[in-house]
Each structure stands twice: as C-alpha cells, then as structure tokens.
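First chain A sits with chain B, and in the next complex the same chain sits with chain C.
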Partner chain A sequence: MSRRQLWTGIAALCVSLFIFVVPFVFILFMAVKDKRAASKLEFSWPTEWHLWANLIEVVEARNYMLLLAYFNSTVITVGAVSLIVIFSAMVGYILQRRHSRWNSLIWAGVMAGLMVPPAVVPTIWVLQNLGLFKTIHGMVLIQTAYGLSFAILLFRSFISTIPRDLDEAAIIDGAKPLQIFFRVILPLLKPATVTIIVVQSIAIFNDFTNPLYYLPGKENVTVQLTLFNFQSQFVSQLNLLFMNILLITIPPLIVYIFFNRQIVAGMTSGAVKG
Partner chain B sequence: MARVTLKNVTKSFGAVEVIKGVNLEVDDGEFCVFVGPSGCGKSTLLRIISGLEDTTSGSIEIDGVDVSGEEPSKRGIAMVFQSYALYPHLTVRENIGFGLSLAKLPKAEIKAKVDAAAEKLQLTDYLDRKPKALSGGQRQRVAIGRAIVRDPKVFLFDEPLSNLDAALRSQMRIELTDLHAELGATMIYVTHDQVEAMTMADKIVVLNAGKIEQVGSPMELYNHPVSPFVAGFIGSPKMNLLEGDVAKGMGCSTYGVRPEHLEITEDGIWGGKVRHLERLGADTVVYLDTKEAGSVVVRTVGDLAVKVGDVLRVRPMAGKEHKF
Partner chain C sequence: MKRKSHYPYWFVFPAAVIFTTLFLVPSVASLWFSFTRWDLFHAEYIGLENFVQFFKEPFLVQGMVNTVIFAFVTSGMKTVLGLLLAVLLTSGIFAQGFLRILVFFPVLVSTIGVGITFTRLMHPTKGAINIALAHMGIDGPGWLTDPSLALFSVALVDVWKGVGLATLIYIAGLASISPEYYEASRIDGATRLQQFWRVTVPLVRPATVTVITLSLIGGLRSFDIVWAMTKGGPGFSSDVLASVIYKQYQAGFYGLSTAGNVILFALVALIVIPLVSWMNRKEVEQ
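Take a look at the complex of A and B:
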C-alpha cells in the first residue's frame, strides 16, 4: 500500500465514521439524558446517566406496548422468513432443474414480483375479502409475497452451481423428490439461505409502511409502529423517544455485525455462473 | 443370477435418435465395458440401464425381470458417477450410509454395513471426514463404497477414473478388477479410454453413433475386428487404415495393419522418410511418410538406431493384416 492509498483510506474511514457513527452516538446520548437536557436537542456529553430509568419508562409506556410490538414483529419476521426460505428454495430448484414450457411463464411472474410495485388499496380489498385484514398471519403472507421474488432469483442462480449428479446419485440411493430436496439440496443452499434470512429478517423487522397499511389496530402494533405511536406522546420527552429508537435499532444491528460476512458470500456465490 | 438384457432399446432426445436399436446380453458376474468415442451414446445407454433415462422403445431386463418402467432404486443397481457425486455436506460415513438411512434400516445395521464397506476400501480412518478433505482416489473409493453397501445386483460405472491422474488411474484399475473378483457381481463400465476397456473387461461393447459395432472379449476385438471403426478404436497406437489404391491393390476397400505388425526390413514394400519418433523406452513409435501408402505408424524395439529424416522400408507381417 502506497502512502497515498493509506491517507485516502484513512480519510474515507473518517468520513464514513462521521456519517454512520455520529448519529448513533447522538441517539445514545439523547437516550440517557433526563427530560430537560434532552429537550435542548444538543450533541453533548450527558451530565447525568438515566439509562435504566428511561428504559423502564419506555417499556412500561402504554401498558407495555413495546413488548407486545417486539412479540408481533418477531412472529411476523420468523413466520415470513421461514416461508420465504422454504418456498423460494423449492421454486428456484424446480425452475433450475425441471424444464417445461411453463418455465418462462413462471419466470415472468417472478420478475413481475420484483418489478411491479405493490398497490395498497387493492391489496387491502383482497385481504378484507379473505378475512386476513388486520391479522398477524395476513401480514406474514404479505411479507412472504413481497420477499419471494428476490429470494427465488438468488436461490435459482445458486442451485445452478450444484451439480445435477448429486440429484441423480440421490435418486439411485432411493430418495424421493422431497427427500432429495430436503436432505441433499437444502443443506447445500446454506450460504444463500443465510443471506436471505439476514436480509429479509432485517427488512421485515424494520418495515414501517406495510404494517401501517395492512395491520392497523392497537393490539397489532409492530416495533416501527411504536415510534409512530410514541412520537406524539413523547414530544416533550425526547429522551424516551430516543430510548425507543435505540431499543428497536439494536436487534438488526446485532444481526448485521454477526452475519455481514455471510451476506456477502451468499450474494456473490453463483454470480459467475448463472 | 444378475443377467442384464437389452432388447431393441432406442432413445431419442426430441428428433435426435441417440440410441438406435441396441440388443445386448451381459452375463451374470461379467465385467462388461462400453467403449466408444464421445457422443456415441455409451453414457446414455448406461443411464437407461440405471433408470435415470427412459427408453423411447425396447425393454431392459435384469435377472429376467422387465425393469423398463421401474424406479432406479427398485432395479437393484448402484451407480458410480464420473464426478463421484458425493454429498458435500455429509461425512464419509453418512455418504456411504445415505441410501440405507433412506431405506430406514436400523442404525446398528447401517453402521455395521458401512464399517464393512469402509474396511474393504481402506476408508476406515476417513469415516468422519467430509469429502472435501479427501484426495481424488479416496473420493472415488467413497463413491464405490456407497455402491457396495446397497448390495446391488449390477454395478454401473460412468467413466469413474477419468478425473484421476495417470498413476492413480492404473492403480484404481487394478483395485476395481480385484473388487470385481471379490464381489463377483455384474459390472457395467463406461469409458472412452480403450486401455481401460482392454485391461479390465471380460466383454467389450464397442459403440459408434448409437449402435453396437462389435461385442467380444478384448483379444477377440484386437485380433478380429469386424469393421475399420473397431480396428481403429482398439489398440494403441491406432491401427494403420489405408484406403484408395493401396487397399485396392490388396483386394479390399480398407486395408488395416497394426503398428506392431509392421517389420522394418530392407526389402519392405513401403518406404519413406521418418517424420517423427516417439521413444517410449521399451519400444519406439516411428511415423513414416511413405511414397506408396502415405503416412504409416510403426511400433518397433526401444533402442532402434534411427533418427528423424532417415529412410526406412517396412513390410506387414504375413497373416496379421485386416481387410475390410
């Protein structure tokens, strides 16, 4: 590394540190201040630390709404991500392995899912008619539908790197189609699966607009909606609002920190041969 | 008894007919090798026997039972793939026992069978490794182990040695032959390498463009090829096949003589300059540009005192020539 590269590298690091870390530190500082200090909205070292007190107050607000939100968001995220992984791996497998004249049609459908933006009002109309509006499982299905296309794309290109000989060896060994999929193919899809799980779970956990449209109702609140609900209540208590932000930012942050290597591996594998 | 009988088997992919009416009988306990150039349909024929491909018409019998529409796993066959096709996420033990665990055999029985197969193939120390931690030869043995534990009536090999280096290949040839002697099972082996075919087979089936050219023991094919194709395919270096005026002068349309059946003498009928020499140690392969017969290959003794550009005369040995 030359001297010049070193200095440009350091400069780039400083800029990204400023852009990414400063807001986070600001959130942290605001979250531990008391009501009066927070109301000044300054980027300053807190004079008193009220971390625990603020935390308790936010959690207890509106009859433990935040805990309910965590529960709902977790159910939606786990449910939707599980369905996405299973179904998109299956669709990707069949699209890649079995050639039929329906393939191009199915592929067009998958592509449409990526390209055509979802319309809110017709979706609500469909959900109402199916009796799924304002239900958690309705929300799970919507998130699954939104995430499916991208996951199918990723799985299909990944499956094309798995030699067909493995399927045939399993057939010779006496495996039924479902056994081939679950015992041979699915375990080999791990890198792509991890990518899908991380990317989709963060997207679904952090989703604000879809729960806002499709999941109204106090008992259906999700973590991002707590912000929306608390914003008016905590307008004079910015410390609590920032504590809320801090609490709902932490889970995705942890996931990113631990899985960023796998995300890159899964994104690029199968990129050469498609 | 595990005889494999093919009756009028044909196979088309769309409009392309790749197998054009094959009739074949493989006897119980026989080591049968399908050999032929790329695209001759030998692998397709093997896949048809395994059940991975359907026949377009015709039938396959194993043990006298028609298995044409049967699932691969119900045919009593096991197959070893060119790429080994080991499951990368499973250990050697799980790879070998995969078929047995699918069949829901008791764990103790699976373990006993896998251990026995591993012992036979010297894999006992590697049972807990993943395939990526094995060498090419060991992976090959795992693939064979996976076939052995199923206790099949017929073993099918699809170019199993072509991914190995030359030294390992000749070693594995011997191991496979020994295994055949030990198990006494019927084995069908596909290769494009005529050396493998000659060294391992009880019966060689030479395929060309989807049809059987000739079936016979290695020496039968070597001594009595029925067509110029078989003559040119079996034996190394290739038989000299001469057409045109030379063949007409001999009273046939194609005149063939093997390089080892040409002797270098002063009064040879063909003569010309040495274009190229291959010194193999034990013998020398001489490429001659003759005036009478064009380019001719001669195999002769190792320490022949000759160099490129010398003029030599050669003569076919009496009774060793082939006329088609």
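Take a look at the complex of A and C:
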C-alpha cells in the first residue's frame, strides 16, 4: 500500500464516519437517554445511561405490542420467503429447461412484476373478496406475489449453470419430475437459495407500505408499523421512539454480519451482464 | 401417444396463481376502477373525471411533478456518487473493506427508522446538522420546514440510504473490467482522469444501466421515506404520487386513488422503458 493510498483511506474514513456513523450513534445516544435529555435532540454523550429501563418500557408499551409485532413480522417473513424460494425455483427451472412460446409469456409476467407499481386499492378489493384482507396469511401471499419476479430471475440464471446430464441421469433411473426437482435440482441451488432467503427476508422484514395498506388492525401490527404508531404516542418520549428504532435495526445488522457475501451476490446479480 | 415432458408446465402453476390473483388481476382492474367513483362495493362509471381532477387540482399536479423531480435527483446522485465511491473503494486504499461495509449498511436498515432519525437531525433549531453548521458560522436552512427545500432534503436522505447499493453494483461492474485496458492506456501516457473518462466510464456501462434503471423505478415509486419524514408537507410541497395515492385512499376516494396508481404506472412506463431501450441500443452500437 502506497503512502497515498494510506492517506486517502484515512481521509475517506474520517468523512464516512461523519456521514454514515454519526446517525447511528445518534440513534444509540437518544435510545439510552432519559425523557428530558432526549427531547433536547442534542448529539451529545448521555450523562446517564437508561438502556435497560428504556428497553423494558418500550417492550411493555401498549400491552407488549412490540413482541406481538416481532411475532407477526417473523411469521410473515418466514412464510413468504419459503413460498418464494420453492415456487420461484420451480418456475426458474421450467423457464430454463424447456423452450416454447409459453416462455415469453412467463418472461412478460416477470418483467411486469419488477416494474409495475402494485395497484393498491384494487388489491384490497381482491383481498376482501377472497377473505384475505387484514389476515396474516393474506399478507404472506401478497409478499410472495411481489417477491417472485426477482427470485425467478436469480434462479433461472443459476440453473443454467447446472448441467442437463444430471436431470437425464435421474430420468434414466426412473425419477418422476417432482423427485428430480426436489432431490437433484433444489439441493444444488443452495447458493442462490441462501442469497434469496437473506435478501428477501430483509426486504419483507423492513417493509412498511404493504402492511400499512393490506394489514390494518391492532392485532396485526408489524415491526415497521410499531415505529409509526409509537411516533404519535411517544412524541414527548423520544428516548423510547429511538429505542424502538434501535431494536428493529438489530436483526438486519446481525444478518448482515453473517451473510455479507450472499447479500453482495444477490444485490449485484445481473449488474455485470446488464 | 404423446410423450409426457420431464419438465411439466404445472410447475409454474402455484407461482402463476398467486401472481395472477394478487398482482395481475388488481393491475388490470385498476384500469377500470380509475374511471369510476368507487367505495369498494359499488363502482359508478364517471369517465375521465378522476384524471381530469388529477390534472386540474394544483396540489395533485404538484405531486406528479415532485415525483419526477425526486426520481431524477435521487437517481442522478446515486449514479454519480455510486460510481465515484466505487472507484475510490476499489483503488486499494486503507480500510477499504471496512468502508464498503459502512457505505452499504444503511441499505439494510428500516426506511422508517432512517426517516425518523433524520427528521430529528434536520430540526431547524435543535437539530445536530444546523448546530454543526452554526459552529462553522453558517446559518442552516429549515431543511424540512421550508416548502422549497423539503423535497430535496428528503431526496438527500434517500440518497444517503441508497447510495450503498449503487456503489455495490458499480464495484461488481468495475471488477469485470480487464486490468489490461488500464495498462495499455498507461503505456500510451493517459492520466488517471483520462483513464476514468475513456476506460472506466464506457466499460462500466452495463452497471450504469442497472443503477439508473433500479434507482429510477425505486425513485418514482418511493413512499415510506416521504411519509416518515414530511407526510408530503409542509402543505403539499413534498407530496409524491405514492403519498397522494395513500392520502386519497385514507380519505375514501378510491377511484381517484386508483387513477393516481394508473398515472404512476404510466410515468414508470413512459420514462423507464424508452430510457432503458435507448441505453441498451447505445451499448450495442459501441
């Protein structure tokens, strides 16, 4: 490393500490202050640390609403991600292995899913007619519908690296299509699967807009909505609002630490080929 | 007898059913409902009235203009800053890996959390940003309280949160450029600046297309950051189409809200599709 690279690095580090770290330190400081200190909005070292007291108060607020929200968000995320992985792998598999005029129809659907903004009120109308409005399983299906396109793209390009000889060997051994897919193909898709699980989990866990529209009601609250609900309740208790932000920032942070590589792979897929 | 394929089409079925019912059907239905006065149970056909209202009410027109401004400002800044950051973070500088992690982390954080945090940091008198500016002798503006500035302040926060993704895509794009181009141009006596304009920018083009496409679509559709920071205010000065759609929905004007959705879709199609095909065509020519 040259002298120049060292000093550029140090300069870049100082600037980015300011820009990218200060806001997170601000969240932490606000979250541990008491009510009065937090209301001053100062970026200052807390004189007293109320980490535990604030934590308990936020968790207990509104009859343990945050715990319920964590539960709901987890159910929605796990449910939707499971469906996305299995169903989109099946589509990607057919799309890559079989060629006919149906393919272009499927492609058109995938592209529409990536580009078209969902029509919200008509979606509510459909959900109501199906009895899925304001239900957790309805939300799971919505997140699945919106997440399929991206996953299909990723799976299709990954499946093209798996040789057809493997399918053919299984066919000769007398395997049925479902067996080939679940026993031979799906296990080989693990790198793409992990990437999709990580990227989609974060997206669904952080989603605010869709639960806001399709999942109203106190008992259906999700983590992002607690933040929004608490904003009016905690208007004089900013310390608790920021403790809430801190608590919902932790899961993505943990995921990022463990799955850094898969996130990078997923986010940049297609960037090189264009 | 017809031989059955080992790749049966019913594999597509589960995904197709979910996607069609919850995405395609509402999208197509929105075309009809945007021509109606609608309360979810009864839809009364009123022709183009919703659209006429959209183009006549000044605050609705402003929402459309703001959407376009917001999308182009954020997309442009993410593209330029993303490329510069990616060049910096692939040049072998000190703490390069750590810096990449720092720049990317905001992408994964809750948008609402980021919005609430920056709303406090941008407080006109007590916020840390204006206090820091005051120390330097600068009188900080009312970032979110000044109607002519609010939309751009929100855009700035959106760039802060999203530039990491652009950087990451550019880093992958830069990695696919063969080092031979740089060596050859160095032997020919090119300066670093010339290398950037003549080698890096043209060869990283596929990444540029991806960054612009993703950030434009995202920018045109963005809702949470606006809603968390200004709720479209002060007045309607930072309203975008997505927040207008939500406000009309809350007010019970379902037909009008759906018309907003159709207009948003038209905007995405009119801006993104020609731009992408133009960028891809230029790529083929090169």
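Basically, the second predicted complex is superposed on the first by the 264 of 274 C-alpha atoms of A that agree within 3 Å, B and C clash if a C-alpha of one lies under 4 Å from a C-alpha of the other, contacts with A are read in each partner's own complex, and residues count from 1 in each chain.
As a working rule, contacts are C-beta pairs under 8 Å (C-beta built on N, C-alpha and C of every residue); 3 or more make two chains touch, one makes a residue touch a chain.
Only a predicted model underlies this, so the values are computations on that prediction, with no experimental measurement involved.
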Combined model on chain A where chain B meets chain C, clash or fit: fit
Arrangement angle, chain B at one end, chain C at the other, chain A at the vertex (C-alpha, nearest 10°): 100
Touched partner set for A:A112, first chain B, second chain C, both or neither: second
Which partner reaches more residues of chain A (counting touched residues only), chain B or chain C: C
Contacts of A:F158 with chain B and chain C, given as first, second, both or neither: neither
First, second, both or neither for A:I171, with chain B first and chain C second: both
Touching partner for A:Y70 - first (chain B), second (chain C), both, neither: neither
Which superposed partner A:V184 touches (first chain B, second chain C, both, neither): first
Shortest span in Å between Cα atoms of chain B and of chain C, once chain A is used as the common reference: 8
Footprint overlap on chain A, comparing chain B with chain C: 171
Footprint of chain A on chain C - complex, ascending: 5-9, 11-12, 14-16, 18-19, 21-27, 29-30, 33, 38, 40, 88, 91-96, 98-99, 101-103, 105-114, 116-118, 120-121, 123, 126-128, 131, 160, 165, 168-169, 171-173, 176, 205-207, 209-210, 217, 220-221, 223-224, 227-228, 242, 245-246, 249, 254, 257-258, 261-262, 264-265, 268-269, 272, 280, 283
In the complex, chain A residues that touch chain B: 163, 165-166, 168-175, 179, 183-184, 187-188, 190
Parts of chain B lying in touch with chain A, wherever the complex brings them together: 50, 52, 71-73, 77-79, 81-83, 85-89, 98-99, 102-103, 146, 150
Chain C contact footprint on chain A (complex, rising order): 1, 5-10, 12-13, 16-17, 19-23, 26-27, 30, 40-43, 83, 87-88, 90-91, 93-94, 97-98, 102, 106, 109, 112-128, 130, 141-142, 144-146, 148, 152, 167, 171, 177, 180-181, 202, 206, 208-209, 212-213, 223-224, 227-228, 231, 238, 241-242, 245, 248-249, 252-253, 255-256, 260, 263-264, 267-268, 270-274
